[in-house]
Amino acid sequence: MTIDTTPKMTWWNRLSHPGQFVALTRPLVLPLALLTGVLFAVGLWYGLFSSPPEKYMGDTVRIMYVHVPTAWLSQFVYATMAVSALGTLVWRHPMADVSMKAAAPLGAAFTAMALFTGSLWGRPTWGTFWEWDGRMTSTLVLLFIYLGIVALWRAFDDQLRAARVVAVFTLVGAVNIPIIKFSVDWWSTLHQPASVFRADGPTMPGEILTPLFVMFFAFTFLFITLQLAAMHTEVRRRRITTLERRAARGDAR
Amino acid sequence: MIALGAHAEFIIAAYVGVFAGLAALIGWTVFAARQTKRRLEELGDGQRANSSAQ
Amino acid sequence: MNGFWSVLSREIRLSLRGGGEILTLVLFFVIVGAVVPFAVGPDKALLARIAPGIVWIAAFLAMLLGLEKLFGPDRADGTLALYRLADIPLSAVVAAKVIAHWLTAALPLILASPVLALLLAMDATSFWRTVLSLLLGTPALAGFGAIGAAVTVATRRGGLLAPILIAPLSVPVLIFGVGAIAPTGGPDQAQAAILLLAALSLMVVVLSPFAAALAIDWGED
Amino acid sequence: MTEGQVHSPLCLKTFALGVGRGETMLARDIALSVSAGHGLMLRGPNGAGKSTLLLTLAGLLSPLEGSIVLEGHDEDFGPAFHHCGHRNAIRPRLTAVETLEFWRGINGNPALPVAEALERVGLRRLARLDAAYLSAGQQRRLALARLLVSARPVWLLDEPTSALDAEGQKLLAGLIEDHLAAGGIAVIASHDAIALDNLAVFTLETGA
C-alpha cells in the first residue's frame, strides 16, 4: 500500500512510460516496414520463380513458404503474449498490457492463415482439406484460445483491469498449450496410425531452404512491425479514453 | 509466371489467401492508427499525442 | 480451516436450497444424452460405440451450464468483495467453491450416469470405466470452470464467455476421459489415459484456485 | 473478546492519498488522521469519491498515489477493516443465523455470539427466517450485525443509514458509539446526520 520508490534502470523507466515508449520506438516502424517489404519481395521471387519443384511433393512445396512462417508465428505470438503477461503480473509494466492487447488479434490472424494454408497443402498431399492430425488439431485449439482472449479483452469496460485478468488467463493458456499438444498427439496416433505426411522426412535441399528462411524472416518482421504500430495505436486509444473521461467530468486538468 | 504443376490452383489460392489476409491486417492496423490519431487531434491533443499523461 | 468449512457448507446449503438447480442440471445431462439417438439413429452397436463420448459431452455441457452460479451471484450481492477482506486467503475460498461445485454439479451427474448407460446400450465394463473416468476427470473440469468463471466475473457479459474460454482448455480432459473408456487403443492405452487424466485433474485442482483467486483479486481491483 | 478489551493505541492515517477507479482520479491529496475512539464523517456531493475512498481504505481498490497506514495494528490480529457497502451480501435462501455464522467463520476474531448480535440489532425473533423474507431495513440490520460477530478495529461504513427507519438510525448510532468507546475507529460516508457527538467531518469536493 506504499508507493514504490525503488530506483529503476533508466531505460526501463523510459520504456514503461507510454508516451516515451511511443517516442522511442516510432522511428523504428518505417525502417522495419521497408525491411519487411524487401524481405517479402525477395522471398516471393525465390519462392515462386527461382526455386525448383521439390522431388516428392512437386510444386505444392511452395505452399510451405507461406505455411511454415505463419505456423511459427502462431506460436511465437503466443509466446510474446505470455512474456507480456508476465510483465503485467510481475513487474506491472504498463507497456506489457499494451503489448498483450496488440498481439492477440495478430496471433489469431496468423493462426487462421496457418490453418488455411495447411488445409490447402493437405488437399493435394493427403487428399483432404481437413485431417484430424495432431498438428492441425492443436493449431485449431490454439486459434480458439486466441479468439477467446480477444473476446475477453472486448468484454471489459476498464482496460487496466482487463489487462491483469487477461494476463492470468494467458498464462493459464500458456501452461495448458503443451498439455493440449501432448494430448492431441496421443489421441491422433491412437485413432489413425501413421498415414499422415511427416515433415521431418528427407533433409531439405538448399534451394528450398533459402526461400523458406527469407519468408520466415519476412513474416517475423511483419509481425514486429504490426505489433509496434498496434501498440502505438493502443497507447493513443488509452489517451483518448482518459481525455474523454476528463471531458465528461468537465475539468481541464 | 512459371508453371505450377498439377496443383496450381491450391498454390495460388494459398498465396492469394495469405496475402489478402496480410493486406487486411496491415490495412486494419493503418486504419486504426489513423482513426485514433484523428480522434486525438479532435480532442485537442494532437501535439501531445506522443507524450501522454502528466 | 474454519473459514474453508464455512464457505463449503454455505455453498452446499445454497445449492441444496437452490430451488431444484441440481435437478435441472441432472435432467439436462440425461436429456442431452437421450437426444443423441434421435440424431444418429437407434442402432445399438453404433450407440454402444459412441456412448462414452456422448456421456462425456453431456457431462461437459452440464458442468459449463452451472458455471455462472460459481461467482456471479456472489459478485452481484457484494459477497465477493467481503471474501477479499476475509481472514482466509481468497484462494482457500475459491478452493472451497471448486469442491462445492464438484459436489453439486458433477457428483449428481455421475450418480445419474446409469440412466444414460442403459439408454445408450453400454455394457457393464465400459459403464464402470465411464464412472471411473468421470470421477477422475470432472474435478479438472470444475477447476477449469473456476478459472473461466473468475476471469469473466468482472465483465458484464460473462455468461457465454466462460464456456468459450475454457472449452479449448478442456480438450485434454475430454481426450483422456474418453480415451480411458474407449477400447480403440487397447487396454494399455486406456490405462495410460486413466493415469494421465488423474495427473491432469490433480494439477488443475491444485493450481486453479490460485489462478482464479488472482484473476478475481485483480479483476475487482 | 470482551467489550472492555481495548485495541492497542490505533491511528488510521493517509498521506497525500489519491483515489479513483481505473486511471480516473476522483480525489487527491487526502490527508486523514483518525485515532482510536474517534469517528470520521465523510461528506461530499455524489461522485466526489466517498465510496471509492472507503473501498481504497479497505484495501479493495489500490491507491492511485500516496499511502494508507494503520498505526498500532498488530498484523497477527488479522484483518483490520470491516467494510459495509451498498450491497448487503445477504443471500435470500439462508437464514439470518446461517448468514452470521458464515461470516463469523470466515472473518475471524469471533466477538459477539450470533444470537446476541441478532438481539442487539433487533432481529432475534426473525433469526430462523430466510433472509428473503426480511425487509430492506431488516436486511440492513443483518448486515450491521456482521460487524458485531467479528472484532475488527476499523469500520468503514458506506451509507449505513440507507433503508433504516428512525429507530434503526438510533441503533446504528448506538453501535458506532459502542465501537468507538471500545477503542475502535469508524469512517462513515453518509448524507444523513448521525446522532453522535464526537464525529469529525471531512468534506470531499467534486473534481478536487
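Labels for the chains are A, B, C and D, by order of writing; each one numbers its residues from 1.
The definition used in the following text is that a contact is a pair of C-beta atoms (placed from the backbone, for glycine too) under 8 Å apart; a residue touches a chain by one contact, two chains touch by 3 or more.
Note that this is a predicted model, so its numbers are computed, not measured.
Centroid distances built from C-alpha atoms place D farthest away from subunit B. For chain pairs A-C and A-B, the one joined by more C-beta pairs in contact is A-B.
The centroid of the Cα atoms in subunit B and the matching centroid in subunit C are 41 Å apart. Distance between chain centres (mean CA atoms), subunit B to subunit D: 53 Å.
One inter-chain figure worth recording: subunit A and subunit C are separated by 31 Å, centre to centre, where each centre is the mean of the chain's CA atoms. Look at where the CA atoms of subunit A average out and do the same for subunit B: the two points lie 15 Å apart. Among the residues of subunit C, those touching two or more other chains are numbered 221.
With touch defined as above, residues shared between interfaces to two or more other chains in subunit A number as follows: 161, 238, 242.
The list of touching chain pairs reads A-B, A-C, A-D, C-D.
For subunit B in complex with subunit A, the residues that touch the partner chain are 1-8, 10-11, 13-15, 17-18, 21-22, 25-26, 29-30, 32-33, 36-37, 39-40, 43, 45, 49-53.
Here subunit A touches subunit C in the complex through residues 89, 141-142, 144-145, 147-148, 151-152, 155-157, 161, 164-166, 168-169, 171-173, 175-176, 179-180, 182-184, 186-187, 190-191, going by the rule given at the top. Residue ranges of subunit A in contact with subunit B, taken from their complex: 17-20, 22-23, 26, 48-49, 53, 58-60, 62-63, 66-67, 70, 106, 109, 112-113, 116-117, 120-121, 123-124, 222, 226, 229-230, 232-233, 235-240, 242-244, 247. The touching residues of subunit D, counted against subunit A in their complex, run 21-24, 59, 62-63, 65-69, 207.
Interface residues of subunit A facing subunit D in the complex, by the touch rule stated above, are 1-3, 158-161, 238, 241-242, 245-246, 249-251.
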